[in-house]
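The structure appears below as structure tokens.
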Amino acid sequence: MNEAKLIDELRDKFGESVGITELMGQNEIIVTVEKEKVVEIAQFLKDTYALNYVISVSGVDYPEENKFLVVYHVSSMSENGHLPLVLALKVSVDRQNPSTPSLISIWRSAEWHERETWELFGIEFNGHPKLERLLLHDEWEEENPNNQFPLRKDFLLED
Amino acid sequence: MSPLYFSVGPQHSGSGHLRMKIELQGDIILNAEPDPGFVHRGTEKIAETREYQQNVPMIERQCLPDVSSVSLAYAMAIEELLGIEIPPRAQFIRIIMCELSRIMSHLYWLSIMGIFLGHSTMFMWPFGDRDIFIDIAEKITGSRVSYTYIVPGGIRYDLPDKIKEQTIKTLDYFQGRLKEYDAIFLSNPIFERRTKGVGVLSQTDAINLGVTGPTLRGSGVRGDIRKGIPYSSYDQLDLEIPVFTEGDSYARSMVRFKEMEISSSIIRHALDNLPDGDFAVKTRKKVPEGEALSRVEAARGELACYIMSDGTSKPYRLKMSTPSFRNLPGFSLMKGSMLADMPTIYWSLDYWPPDADR
Amino acid sequence: MDTVGNAFVGRLRSVVEKVVNGLKPIRYLVNWSRLYSLWPVHLTTACCSVEFGAASCPRFDVERMGMLPIGSLRQCDLIIIEGTVTKKMAKRVKKIYSQMASPRYVVAMGACSISGGLFYNSYNIIKSVDEILPVDIYVPGCPPRPEALANGIMMLQDKIRKKQVNIVKGE
Amino acid sequence: MNIVNNIENVLNNIQIVELRQLLLFVFGVLRSELFFKIIFFPGIFTILITVSELIWLERKFLAKMQLRVGPQYAGRIGGILQPIADFVKLLFKEAIIPEKADKKFFQIVPILLVVLATTTLTVIPISETAVISNLDVSLLFTFAILAIFPILTLLAGWASNSKYPFLGGIRALFQQVSYEVPLWFSTLGVVLLAESLNFVSIVKAQSSFWYILLLPLGALTFIVSMIAELERIPFDVPEAESEIVMGWMTEYSGMNFGLIMLSLYTKLYFASAMFTALFLGGWLGPSILSPSFWFLTKTLIVALIIIMLRGVLPRVRLSDLLNIGWRRLLIFSLISIVWAVMVKLFLLGVF
């Protein structure tokens, strides 16, 4: 599983929609992808490279660049264990109306992660069956009406 | 008869700090949906306001029964960012601490499994034996449960002398105790009757749902980071992964039970050929810009710690993908099972609510 | 709840209360019985529950002081707040405390329940349990050692020993 | 006995006729032997003392099995006063009656439970003479009383009008009804051998051989189905802590709960007493000790075995519970009846 081959194959198959790709550490690839093509790329990765096991979905807030970054960490798990490859699929999302297609149809294990990212960041995952309150309590909206998403940078903690 | 909705709330001797919304028809559970969040303290948000070193005690409070794995994942991510190499002695001591906390976490799991099945002696025996392991940890790190012993750059101080004899003596005593647990509880016909064929998770479902740890290894998948992607010199140790293929609560329980023996043999092996040399490396407060992902096999499953740093001394974004959160899909196993199976399935996932809510 | 029923009903209750408080030996007997059978509620709020479990394990057995972990909430009279109380948990803790039969006692265990502890600037926790419950005993520590919890229970027992007995309403 | 005489003279020369007759009657009752039996020896005092001792014994014995100490400070010597502390605390605790609950039945059930549990003990002979009511159908009498318990537990669960007690009540009904059938079949063997339904004559008939030696299978089915009657681990399903909190006892608090606990342990004492009377030859034993002492030690040993099971076995699932009840135990009890017939014929010398 050499990583370079994967990056080239991704490049020629999806061309411009695959943004910056780099090699990190021993066997970790970072691929930034546009919002529209993320579902097909994910499907392609799952079929050809058997990346079927989501490790984590984390949202990152860049207020100065006015964008969110949704990072899918995916690795491949087979019957006899882990394969060392980890791919960080990054999707950049506009900060004003943050919404990105949910990858739950491809990776079933991303369901709870996406739901948590929606609750703490406010990033809409359209196509997600159950975007409901998960960790915060029910009266969360009434208590802080102006900014409901704690993990955003502009949500300040009182010290 | 119309279905009976009721919530197995945070105050219930059959659920930890978690609420389960259960829909019951007669004695069969139609739908069981977990409602986590009762211990969500927002550690990821607080971590952004504190230095790297200050975060270690707070991150450990996530999973108090199994502390060393959490701090190891955090430390390894920062070391990857700093690009420093940990001396072999520190790596071996880290392995010893992780395996010790794995045994303690599995003992904690075994005692709660006992009380959930109504076996009060099985609550007391493992808890009492966990205390002799706590003595070793207390002698090494100075505190009973939250050690903050594994820090970015190695470990805080070296092993005290005469710790080897005490550990070997404890492990020998523990071998005998494991046989007694097996005799009174695990090979008890009622235990087998209550856990065999209960909450069956097939191999493909296990991979699709993304569960991890003993829940995964109970369904026939040989998924263990210590073997797959060896870290902190686990590759120098011979490691045998217990895998069961039935995928029911009994398989998951036996995986954890076998792991206790393997962990004690790892500790013995690590203690025998412990390299000498210094035990820590000087680290800078400011971490260079970049991002790092570290994966560690905690007692409950694979723990991934993802840190993005922006060059300052505080993390820009810290994400801990904890094993309990990733075992949440396991609750769907309760559909169609009897109400009496609810505690068995719930605790065979070894779900620790603060670990999942962070 | 006005219908605070008791083994002594109607006017008998105030008579018995006058007698019990008047006569020292009877008051001593009632207080003695209350402090030697404190039944804790089965409620774990956060990570201090590991040390409460260790406190009820064979080494630091709290059952020596008569603490029988009983299942239902109606029969318990001691609630131990083990660790951080998040806002979601606070609603339930208030409801649980109101469902317990009086006389009921509260032990705040761990720095998080006393003053917010390690997570003082979190957006989702109650700074200290005093905001929602009348606390009797504070057990500091993060997590406090089982001996500290046992010492807290003993301090609660001394407090009950000196307490005025009133049967009608909860303290 | 001169105290009795001069009290009688004082009473005789009271002028007011009615008062004299009343006091004489009351004095007669106080001196009567039945009053002594009801209040003191096999009656209320012994029951209360043995029951509180059983509670203490269970907590200490379980603690010893779990390598810990158990109640120690309540009463200096090993926590001996722990049951009394619990009892007095519950007396002075607030007894909450939920609004939604059906108040009448909610409060009647604990009282009825205690009353029924103690009435069953009137027929068990502690020694030759120390039996309160020596009915000649005393075994049938216990049949009747024990048949009422499932109705009461269901009533308790239903009257509390909330989810967990309702489930617990239904489960208790399943369990106790399905385990009464093998319970009574297993006693048929004893009745066959002793040719009488009276406990005293059953015990007398065991002077040569204890029935546990003649009918081991009957004794086994009796003890297993009796544990199911008592809702004790491993048949703890109606108040399965980790599933339905405390089952039908969830809503009870204060003295109501105290009475229920009292009735539970009285039933435990009654179960072991009945087992000793039927199978272990009640008060029969070498004469170095007094007969009632023999009876109490045997009951204690049987109670210890029942308590030991609580420390050793986990809880059975509801479906297996009913399986064991209807399939296995019923067959065992039928086999034990056939076995008893064979033993009877052998004793009569037919073979």
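Chains: A, B, C and D, in written order; residue numbering restarts at 1 for each.
Keep in mind that, in the parts below, a contact is a pair of C-beta atoms (placed from the backbone, for glycine too) under 8 Å apart; a residue touches a chain by one contact, two chains touch by 3 or more.
Keep in mind it's a predicted model, so treat the numbers as computed, not measured.
The chain pair B-D and the chain pair C-D differ in C-beta contact count, and the higher one is C-D.
Put simply, the C-alpha centre of subunit B and that of subunit D have 46 angstrom between them. Spacing of subunit C relative to subunit D, judged by their CA centroids, is 34 angstrom.
Averaging C-alpha coordinates per chain places the centre of subunit A 25 Å away from that of subunit B.
Rounded to whole angstrom units, the spacing between the C-alpha centres of subunit A and subunit D is 64. Subunit D has residues 66-68, 241, 245 in contact with two or more other chains.
Contact of a single residue of subunit B with at least two other chains is seen at positions 12-13, 37, 40, 42, 45-46, 49, 124-125, 128. The set of subunit A residues that touch two or more partner chains comprises 136-137, 150, 155, 157, 159. Inter-chain contacts, as defined above, occur between A-B, A-C, B-C, B-D, C-D. Chain contact summary for the complex, subunit A toward subunit B: residues 24-25, 28, 30, 52-56, 58, 60-61, 71, 73, 77-84, 86, 88, 107-113, 116, 133-137, 150-151, 155, 157, 159. By the touch criterion given at the top, residues 9-13, 16-17, 37-43, 45-46, 49, 57-58, 61-62, 64-65, 108, 111, 124-125, 127-128, 130-131, 134, 144-146, 354 of subunit B touch subunit C in their complex.
Of all the residues in subunit C, the ones that touch subunit A in their complex are 86-88, 91, 121-124. Note for the complex: subunit C touches subunit D at residues 1, 3-7, 20, 29-30, 32-34, 36-37, 57-59, 61, 63-66, 68, 70-75, 77, 99, 101-103, 165, 167, 170.
Subunit D contributes residues 59, 63, 66-74, 79, 81-82, 84-89, 91-97, 239, 241, 245-246, 249-255, 257 to its touches with subunit C in the complex.
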